[in-house]
Amino acid sequence: MRYAILLMGAPYSDQASHSALRFARALLARGHRLETVFFYHDGVYNAARLAAPPQDEPHLVDGWAALNAEHGVTLQVCIAAALRRGLMDEREASRHGKSGYSVEAPFELTGLGQLIDLGLQCDRLVTFGP
Amino acid sequence: MRYAILLMGAPYSDQASHSALRFARALLARGHRLETVFFYHDGVYNAARLAAPPQDEPHLVDGWAALNAEHGVTLQVCIAAALRRGLMDEREASRHGKSGYSVEAPFELTGLGQLIDLGLQCDRLVTFGP
Amino acid sequence: MKLHIVNCAPDAGRVVQQALSAMTTDDRLLLIEDGVQGALPSLVDGFSGIEGRLYVLREDLEARGLMSRHDDRVTVVDVDGFVTLTEQAEQTLSWY
Amino acid sequence: MKLHIVNCAPDAGRVVQQALSAMTTDDRLLLIEDGVQGALPSLVDGFSGIEGRLYVLREDLEARGLMSRHDDRVTVVDVDGFVTLTEQAEQTLSWY
Amino acid sequence: MRDGETPAGDLLVILRHGSHGTSWLREGLDAALVGAAFGREVALLFMGEGVLGLLEGQGQGALGQKGTGPTLEMLEMYDIEALYVEEQAMARYGLEQRDFLLAARHLDDTAIAELVERHALVLTF
Amino acid sequence: MRDGETPAGDLLVILRHGSHGTSWLREGLDAALVGAAFGREVALLFMGEGVLGLLEGQGQGALGQKGTGPTLEMLEMYDIEALYVEEQAMARYGLEQRDFLLAARHLDDTAIAELVERHALVLTF
């Protein structure tokens, strides 16, 4: 089946991100396809490229990137939710006249319309809230 | 009196940051001294230098910086909570071998011991949770 | 005397009960943010036992359209009154 | 048949009640994260009416030291079982 | 309006939080508006604390934050006319239809379960 | 131990969440440990869901996240010996002292209010 995940919890603060990553690995292991993880609300903080958790804790940003590298899962971050929270890629940073950036590939900033499309076009959309 | 504020809510997601900033301005207007705002848990996201809220919404990062500029309020961010969440200044970034940074002055990364000191040495510590 | 600050809706778990159980008989309780819902007549009974020591923040009532709807037994203060309450208390505790 | 997923403690507000009120008589409910507390014998009565359709995630029970403490009327599934439940349901709804 | 008239729709957005305290109401409404803008049939259910989001007389936040009143007024423009409110929550907060900015159909638990059942996609906020 | 024996202390940390679901328990414990490391007299009160944080047999999270068990075992090393637990919450979860990793004094509501009263600084997590 074609799955999508909607993640709305901040990393480290809530279990949501860990639950979502664990669920993603389990469904892929069962032979399903995971189209996209969509990050909304505080879930967008999962895309922070400078995250530096202690070495003995799971590194969520790398975990998501690995899903992309190994299984082609796209990582879509709601742009409106992200900009408010200080998450922007190089293109948005230059558009806002800021130096530096806090989001990088494979995460991509996108509109909320993508979420509605995913919800209606995938066989299953599973939400992980805070 | 000497006040300190402990802020533990993420900006935009919860009202906590708005409440804390409003309370800070009110106590300063009444002639009190605000020593420090200490950012812990998801409150550390208030220090994200790239935050770009829509123009018709309050800009919290700038609001905190203004408190520092106008009233000498120090803005202390718990370093352990910040690093996990992708918030680091230039010094930490270079220590972690990363390019770029997500926190800048007047926000300063500091240890949790500062919070305990503030709590015991200031006349009042007021906490704003998520 | 301590000031307890509650920012959660009465329906958002056991936060109100926790605050109440930590209060002594002269402590005060201030409702802010979504906590102001507790000042509605249909919910204010959840605070029985602290009559005269229950406060609610005007600005947060107003923003939610609740200003004319609160129970008379709750004292309305603005943010300056919030500061005053913290001056008068030896310590503040927040329940969120 | 839909799968409802609850990740909140029974004490964390009215989330469980909301999930239950949105369930039809063949829907299922899975407890994950802090929601697994609801499988404790002292709290499981909060789910009366959905006997046989109540599931709890093994990994989250284990991490919390609750594996041997849950009520027998709750079906324990691991994360593979979680995936299976989503396969069998037409849609999932999350209550958080 | 009677329950039986409710058509099946594409997207049901369940709103469980009021204005100002959190961003959930705004973010849920954004999802609904985007769904409608993309041509989907969208319904809204105000549940629990979410019923407070419908109140008349809401204002700005203390730092000038926008409330959700203006967004609610945009619903009609986007052809989102299927509005529902949890009857039990109204009773709990002591509210009646005349307290609300918009007309919404009152639903008991059975009707809520039926409403959820009729939608291909349900998002909870 | 009887209640009357409790001394006044510098810092009381109230823990209202269990392990794994959120970072509150860990962050609250960190504050307590730092306070003790700085030479302060620190007490801990496990309240509400926080009592579950004391359970024996907790493990790692599914992605290998550390639990709070190891941190709890450090409390003694930091001379944090004043541990309290809300009696009502224990009853609610059906727990007894023998279910816990550490010995803690059981408090009813009155005793909780007195404990809070005796501390110069109280932090809630």
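Think of it as A, B, C, D, E and F in the order they're written, each chain with its own count starting at 1.
As a convention for this text, a contact is a pair of C-beta atoms (placed from the backbone, for glycine too) under 8 Å apart; a residue touches a chain by one contact, two chains touch by 3 or more.
A quick note: this is a predicted structure, and the numbers were derived from the prediction, not measured.
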{"item": "For chain C and chain F, chains touching each", "value": "B, D"}
{"item": "Distance-maximising chain from chain D - centres being C-alpha averages", "value": "B"}
{"item": "Most distant chain from chain F, judged by the mean position of its C-alpha atoms", "value": "E"}
{"item": "Chain copies touching (chain C, chain D) - same or different residues, decided at half shared", "value": "same"}
{"item": "Gap in Å, rounded to a whole number, between the CA centres of chain D and chain B", "value": "38"}
{"item": "Centre-to-centre distance between chain E and chain C (centres being mean Cα positions), rounded to whole Å", "value": "27"}
{"item": "Approximate Å spacing (C-alpha centroids) for the pair chain D, chain E", "value": "26"}
{"item": "Numbers and ranges of chain A residues touching at least 2 other chains", "value": "12-13, 15, 19, 22, 41, 57, 125, 127, 129"}
{"item": "Multi-partner residues of chain D (each touching 2 or more other chains)", "value": "7, 9, 11-12, 14, 33-34, 59, 79, 91, 93-96"}
{"item": "Sequence positions of chain E contacting 2 or more other chains", "value": "20-23, 48, 61-62, 65, 120-121, 124"}
{"item": "Set of all touching chain pairs, with the criterion as stated earlier", "value": "A-B, A-D, A-E, A-F, B-C, B-E, B-F, C-D, C-E, C-F, D-E, D-F"}
{"item": "Contacting residues of chain C [partner chain F, same complex]", "value": "2, 14, 18, 21-24, 27, 91, 93-96"}
{"item": "Touch list for chain C against partner chain E, complex", "value": "7, 9, 11-12, 33-34, 37, 40-43, 59-60, 62-69, 79"}
{"item": "Touch list for chain A against partner chain E, complex", "value": "6, 40-41, 80-81, 111-113, 115-117, 119-120, 125, 127, 129"}
{"item": "Interfacial residue positions of chain C with respect to chain B in the complex", "value": "5, 7, 32-34, 59-60, 79-80, 82-83, 86-87, 89, 91-96"}
{"item": "Chain C-touching residues of chain F, taken from the complex the two chains share", "value": "14, 16, 47-48, 86, 88, 109, 112-114, 116-117, 120-122, 124"}
